[in-house]
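Chain lettering (A, B and C) follows the sequence in which the chains are written, and residue indices restart at 1 in each chain.
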Amino acid sequence: MLLSVEDIHVFYGPVEAIHGVSFEVDEGELISIVGNNGAGKTTLLNTISGAMSPSMGDIKWQGKSTKGMGAAQLVRSGIAQVPEGRMVFADSTVYDNLLAGAYVRKDKEGIKKDINTYFERFPILGERRNQKAGLLSGGQQQMLAIARALMARPKLLMMDEPSLGLAPVIVSEVYNIIEQIRKEGTVILLVEQNATRALSVADRAYILVTGEITMTGPGKELMHNDSVRQAYLGV
Amino acid sequence: MNMKTLNKFSLSRNKALVAYLIVLLLMIIAPLVIKDAFILRLFTTTYIFSIVCFGNMLVVGYTGMLCLGFVAFYGIGSYAGALAAKELGFGFLLSVLFAGIVAAIVGFVISLPCLRLSVDFVGLITTSFLNIFLAIARNWRSLTGGPNGVTGIPRPVIFGYRIASVTSFYYLMLIFMVLSFILLNNIIHSKYGRMLQGIRDNELGAVSVGVDSRKMKIFAFTVGSLFAGIAGSLYSFYISAINPDNFIFNISTQIMQMCVLGGMGSLPGAVIGAAFFTVVPELYRSLALYRIGLGGIIMVLCMLFRPQGLLGSRAFAGDKGFADRIKRARVVAQQKKAAAK
Amino acid sequence: MNEGLTYFLQQVINGLSCGAIYSMIAIGYSMVYGVLGLINFAHGDLYVFGTFIAYSLIIVLSGMVNPWLLAIVAGCLAGCVGMVIERLAYRPIRKANRMVPMISAFGCAAVLKTISQAVWGPEAISFESLSFLPEGSFMLGNLQVYNRALFIPAVSLAVVIIMQYILNHTKFGLGTRCIMQDSATSNLIGVPSDTIIPLIYFLGGFLGVMGGVLYCSYYGYISIDMGMLGTIKAWAVVMLGGKGSFWGAFFGGLVIGVAEAMAGAYIGTAYRDAVGYIIIVVVLMFRPTGMFGHKKVEKV
């Protein structure tokens, strides 16, 4: 088991945001967690990333507990996150954004190689390498945010609402990229409000409601589940 | 709201009222019990500073504008009142009123550029204004007497009654403080006060529900300066000689310390804060050197453990560092206990 | 050259020297303010404290060690104190309402001032004969130019160039720029803000002391009252130049220095300080982000 989240409780200030959540992510999988606003999706990802820590319960990464590990350490050991809303560094160039993504790495040659790889893969980023990231469109920023996270050469890529605020055509592009990344061997943990996409690509999925997991199962199965369809697919 | 909550609400309000009345009673009979002039003078100074703090509270605590040069309005009121009494021959009450109005007008003018600009800018603009005020006070000798200031301010005379003794000053300032308290309390609990709080906590949100934040900020600034000006002129009459050094930046810091300790947004807190920082340093005269440092340590500890001060509103605090962590630990411990059963 | 012009140029040169000193102190201040948005009210009292240490070190080791070396040591010490203050008095409350760390900073300033007063006394101490600045002068036509008038701006300029290079071409600088824009996301992608931020405070304290040493050498004395006055001037200079811009701090300092010199010479020494502030207020009214600052879009 690559990532094992075991009955964690997480506080946001003095309020408990996550009430005992457990799930697993294994090698080669793409897992989706679907939930509405306020369900705790971002809190969950931030806890796994080390930006917050659980008051109870444990998270095991590659068999070892992540207790006490800071965000930088976790990135170094292979967990990267594409935050909600892209959050690119708007005043920095595209190039600097990618460089920042590789902050925890020390191999200068490898970093340069990777940057060129991503410029080839996302030509638009290559074209605008010296432009300020804030000038990119939403979809381009999403690509940049994904590339930035990949710069850390993560084993697990976590994505917080990658389709948020993007036009459907762009969303398709983004999900194509997600499929590609998955094929290349990176394990993906996807967190979405947009259930259709998230469930259709997932091996397994979880439903998160106000800090608790209420359902789990193969993605395709949940897509056909009535209560899920009512709550998230607008049926 | 069911009957139970309604009753609870009015009971706590009644409790507060009773507490205020008791304290007021104590303040009134104090000079009959305490014969030490020194202590009475300390209380008198406390009352004057309370009024300044009320004004500071309105500006900083309710609009979130960081007015670092607030002591300038105090100083303007001081000079205005002193000069009105000495040069223009105004009577006491008229001078105080005049001082308040002058300070309020200046406050109004200063508030205008502060409106659409960032919090930092307000801090800088008020600090700059303070500097300019001090420069003028120190150099326009014909008006302000330069570095020597204004001396020989006449004793207050109210309806033929001359105020000169320690006790009469005590009661005079007490009356002014209580009146200011009542007035400001009414403002804060009126719809204006709620609008101001809304602006402080979430300006965009407030504006989106129709609050005219510009008008309210101007209002807060002007009224705050009014109180500062009144307090300033009271001070002039009290010590009968003022000079620019009474109004330097450090005094602004002191005012802020008083408000912070007492709690931003709390009127009784302002009085407690003023009392603390007026009385305590005097009790430890021997440690005069370390006064400022101790005050500093108190500030830091206050911010770390209780940023809303003694009586302030929680809204001011945000994520309260240690306090929140302690609370969290308590909840977690409870849950662990429950899980273990 | 006629007398009027000579006098004018003399004032400009004085202004540039004084201004360059402001720049140095402001650059130190700009590090914390620009990156963290925290008005570090303890900056002035910290650099005064550090400058006092430099003074004492020199008195003790007079003649044996180059004073600038001792100043650097004092700067490092002050930098470390800055890091301690960050850890104890700012970090725990970083997430609170903006005013909370600021008030904490006021508290720290008071503590530092008291410590300085306890150790070195309340009176001003002479800073002459500490040989930080080069002696001598040369004539440029009718104009007497002191060597120190070239030295100070040169040092200031060098510092700005170095800091700008660090910001744009080092890993530390990259991390700093990321934290400046979005500290939460920076953390998330592995930028160690709990390592970088203390270093920023270190640099702020260090540069502040360098500026403080120049300031006291130029004016010939050091006193504990310089602290808060220095903080406010540094803050004003940085706002004029633009938050987060080192070149802004540099030119802002020069502008204020020259303006003060002009005011002192042509209006009267009384209004020197005031003029500087008036200029800042006027500039900020028309250009709120300062001379070199850029607009930051507020995310709702």
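The rule is simple: contacts are C-beta pairs under 8 Å (C-beta built on N, C-alpha and C of every residue); 3 or more make two chains touch, one makes a residue touch a chain.
If you're wondering where the values come from, they're calculated on a predicted model, not measured in any experiment.
Contact with both chain B and chain C is made by A. Compared with chain C, the chain whose C-alpha mean position is the greatest distance off is A.
Interface comparison, A-B versus A-C: the higher number of contacting C-beta pairs is recorded for A-C. Computed centre separation for the pair chain B/chain C is 32 angstrom, with centres defined by C-alpha atoms.
The centroid of the Cα atoms in chain A and the matching centroid in chain B are 50 Å apart. Chain C has its Cα centroid 42 Å from the Cα centroid of chain A. Residues of chain C in contact with two or more other chains: none.
For chain A, the set of residues touching two or more other chains is empty.
Shown for chain B are the residues in touch with two or more other chains, namely 319.
In the complex of the two chains, the chain B residues touching chain C come out as 60, 64, 66, 113, 117-121, 123-125, 127-128, 131-132, 135-136, 138-139, 204, 249-250, 253, 256-257, 260, 289-290, 292-300, 302-304, 307, 316-322. Per the touch definition, chain C reaches chain B in the complex via residues 39, 88-89, 92-93, 95-104, 106-111, 113-115, 117-118, 228-229, 232, 235-236, 239, 243, 268, 270-271, 273-274, 277-278, 280-281, 284-285, 288, 300. Within the complex formed with chain B, the chain A residues making contact are 9, 11, 13-14, 16, 55-56. Only residues 319, 324, 327-328, 331-332, 335-336 of chain B touch chain A when the two sit together in their complex.
Interface residues of chain A, counted against chain C in their complex, comprise 46, 49, 51, 70-72, 75-76, 80-81, 83, 87, 89-92, 96, 99-101, 103-104, 148-149, 152.
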